[in-house]
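To keep things simple, chains are lettered A, B, C, D and E as they appear, and every chain counts its residues starting from 1.
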């Protein structure tokens, strides 16, 4: 389903994913539009995480996972023969359900991606600037600027999550995937992250998985509803929540199950 | 809060629970009515599980857990000096979030509680009947009657969960506690369990913890809303969801956070 | 529809780009490729060592077995290397007896202690006992043997009659040495039993002991058995302590107070005196028997431990 | 009569009641736990009380006289240290690399099963077999003679599995989320392993190495057949030495001379202390490390 | 040849001499080596106690520069072309616990005890206790010599087998009902040597031919000894070495 007039960032066609013998995704096709927030909702185990992890080939590291179908990023097949997963992940960043900073300092957490991608070899002077910018973009700079060298674990969970976002932003990906980024957070931290998501979409394309319909309604422009590995419905968020076309979507968004 | 005209099964007064130094429940008072379904809802970590586990002294086996306050079952203090936890748990059964059948046959799973409680010593002939009855009450008899001696692990997750319910029913407790019994189940299995809950309440008093507001709305007569260890509001389910008295309850049930 | 095998370790290595003209390297992946090969090489070292052990020992020992005959070697009652008579049956029996007897002592004690540690002990005791058991495991076998010689042997000689160096002394010493293994592996197995079983049982009104007996121990059974098997492996394989307290007579004992010789002791005792010829070969052949026996135990314990990971 | 019947019935009830079982079982389990504790206290207590008196500066710094009946045990200490050093230096890199391969690279590859089983097998092999192998291979075939090198190499083979296992455990204990985070930032596998996984696992690996040292210090049977038993300070890798454990053994089987026995106790005490220190320090490292982890949560 | 003193400065290169074999010879060899090393600080003499057979083979195969044996070469060993040096003669003493009242046995009684035909001390005038017969392990030179002299080719019936001279001595010292045998060089206050046919095991008795259980201590080299080996052998055969051996109760050969 493409919505005309919008630039397509990622195009997913006939995606099937298997874990060993069990099929986790069945024939999913979906277009992710540039500079929009796309939400993926659905009951637990429906394949939301599986889906977004195919977008940056994070499923590669799961033994036994097998991906069929075609996914293009800016027209290029990310599972193509001469494309490396490493490169894909550099362009498509990811933030996880539980904040997972490295056991390093705040500074080194953000610097990590820059270092391993060799982005700071030439002018090392710019390193600090880039880190400041990333932290500022993640709305964390003011809270941590005086203690960049303390351990990331000394931050609150909400701050840790924003640190993870800053870390993802630092390498300037084109797309950022969020897998239930707020499920471990309290309401206030959640609100901060949601604000941030709205800010980020001017620069990045965003895909977010959430188990909270309310959150999807609050932050996303488009929503896809998944059920038992299938994508049941995909469309503008406002329409999905007010005029769902599919009975199952309606049952779900009105709370009849889940 | 007691609702007049109803028989009280469990009365909780000024309950405080601590894990080491952190306080998980703050001054909770609540009445559980006989032959009703009482739901406990609230965001993750608010103390729902902690609360329900105090009702059958399952917290006794958590090292460092400390319970203050008074809980009476049919007027008897279950934390009283001459009351054994074993006896309390016989009268107040429990079904867990993840189905946890023993690595034994279906038959032996249900027989276990009878055996250890010495309920089958005299007339062994009745054993099979009691097991059949428990399985029938849990709406599982028809599906397993031909393979009672196969391993419980060969059942589907939903069937396993009903087996756990049958196991709890077999020893004929007065109260059954359910801690998120459906969170690992698919919508169809969930529907089956919910039907079962409605049937059971004629015979048993039921307390159910759930993270799904929809589920609480569907199955319960009374609902308690917990937040950060406190019980914010407790009342008829219909009222909690339509006319919450507390702002925080309203925010939660309308999806403004969580 | 495009098919890509994603990461399966034995699928096509993802560092290769299969172009139309066959394989070519991607520059940054070349390093990854080399590193993986190096790691594989390191990982193969243990397998290589095993292979070397097998080759070395079998090469020296097998000709003798061939010459004496497998049956005569295994079931011969006499060991007289000076006369080139090589029968290891008494030593096999000795090894078997000392292992069985030591297990008889250590298994009940070990499993109970493991259950105690995992289920019953208060934190204070647990925090003392765990390091103690670790220490017990680390104490060199010569120290056990030494204490056996200084304390146990004279004790048995005085109260049960000479010579003191005996099957009984050996069994006690080896039992103590096997204890830490049995305890730690059993405790691991017990702790690996999902907590949900325990909760389920408690929630049905079971007492703690009922839960342990009916749910936890049965569920941990194969892990515990693996511990027992490994413990007997240690008893069979123990050398120094065995030499020190067993008396070393290659004969089938009449009572627990008689001395015996184990297979390991046979090798260690005479190796120095058998620098060449059939005697040395016979000791290597003893080594083969020991090696095969231990290998069988390793396989069994391996299977058992797999068994618990349902 | 009736009262007797009643008494029997009551007794039966008491015997069969779950709470009696509970109490009895509890008592038996306590007894076994305490027995194990007692065994250790008796053994170490006995050795240490009689041995600690023998340990003084002279004991650890002087050469032995009259075959160890008098004088100190300096050469045995040095010999033990040399053998441990060689075995640790040789085994650690191999074991860490194997551990990395098994946990991070092998996946479900059949090779991983072979290697895991190989390591497990290696662990089960009695030390006397290692001794035979070391003797035939290092001492005779490679012509290294009875030497530190032969002893160190055979000990390296023997501690390999233990170190692989602790490395694996340490690596497995590194949260998967670290790896995911690293991969998601475009890191390659080796970058992830070397920059994120290994630093986090380092304390655990160190723990394993230290425990391995404790084990190595006590090994006797294999050493006897590979390092010889010469009581002198080593001058090269090819010198024969007599490690402390072997010294205890030789004194214990052959001496009742009071001087020798006192020295055997002293040496055994040193061995126990070595193991104790190894255990304590690895425990300290582990605690320190898990405290760090706890902060994370 | 007279001992020449060579200070370390003159010959700073460290030399190593590996001596190994019989555990009986080892008892005296350690002492000899200690004295020798005092006099020649740049020479290290490694001594290993591994048994006579290993000593013979070690000398032949080159594991040892000098092999030690406490029995004559036998079988095909004499054909290997080893240099053979008798450094002294030794008596093997039958030993018992100091508390054992038995003082004297006939050769025949010794034989019968070790063959299991006499099993109780009261048969030879002692207390009514079973005899614990302790012998050396297979391959030991002492055992070889003892068996050759006392009961020829018949298998002994031991109740314990102990490793090394010290092992037998320690076991006898710990058990009042035990009997064993060791070189007289290793006798000490913990055990008592029996008279055999009324003769105590001493160097003099051996020299006089009165005590029958005697054997030589041999040094073996591969072919002709090289200068370093020669130096040590000369020291042992020289007056100082022989004095030391005599002090240990051995029968001198000069």
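In this section, contacts are C-beta pairs under 8 Å (C-beta built on N, C-alpha and C of every residue); 3 or more make two chains touch, one makes a residue touch a chain.
No experiment lies behind these values; they were computed from the predicted model shown.
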item: Partner chains shared by chain B and chain D (touch criterion as defined above); value: A, C
item: Smallest count of steps, each to a touching chain, taking chain A to chain D; value: 1
item: Cα superposition of chain A on its sequence copy chain B - rotation in ° rounded to nearest 5; value: 175
item: Centroid comparison with chain C (C-alpha atoms), farthest chain; value: A
item: Distance between chain centroids, defined by C-alpha means - chain A, chain E (Å); value: 83
item: Centre-to-centre distance between chain C and chain B (centres being mean Cα positions), rounded to whole Å; value: 47
item: Whole-Å separation of chain centres (CA-atom averages), chain D against chain E; value: 38
item: Distance between the centres, which are taken as Cα means, of chain D and chain C, whole angstrom; value: 14
item: Residue list for chain A, restricted to those that touch at least two other chains; value: 61, 63-64, 86
item: Sites on chain E at which at least two other chains make contact; value: 63, 162-163, 174
item: Shared interface positions of chain D, touching two or more other chains; value: 18-19, 107-108, 188, 253
item: Residues on chain B engaged by chain A in the complex (per definition of touch); value: 43-44, 183-184, 186-187, 190-191, 212-214, 217, 255-258
item: Parts of chain C lying in touch with chain B, wherever the complex brings them together; value: 123, 194, 196-207, 210, 214-215, 218-219, 310
item: Chain A residues touching chain D - in the complex, by the definition given at the top; value: 56, 58, 61, 63-64, 86-87, 89-90, 93-94, 96, 98, 100-103, 112-113, 116-117, 151, 153-154, 164, 167-168, 171
item: Chain C-facing residues of chain E, complex; value: 50-54, 57-58, 61, 63, 129-130, 132, 137-140, 144, 155, 158-163, 171, 174-175, 177-178
item: Residues of chain D that touch chain C when the two form their complex; value: 18-19, 21-22, 25-26, 28-33, 35-37, 39-40, 43-44, 46-47, 93-94, 97-98, 100-102, 105-111, 114-115, 117-133, 135-137, 141, 157, 160-161, 164, 188-190, 211, 214-215, 217-221, 224-225, 245-246, 248-249, 252-253, 261, 264, 268, 271-272, 275-276, 278-280, 283
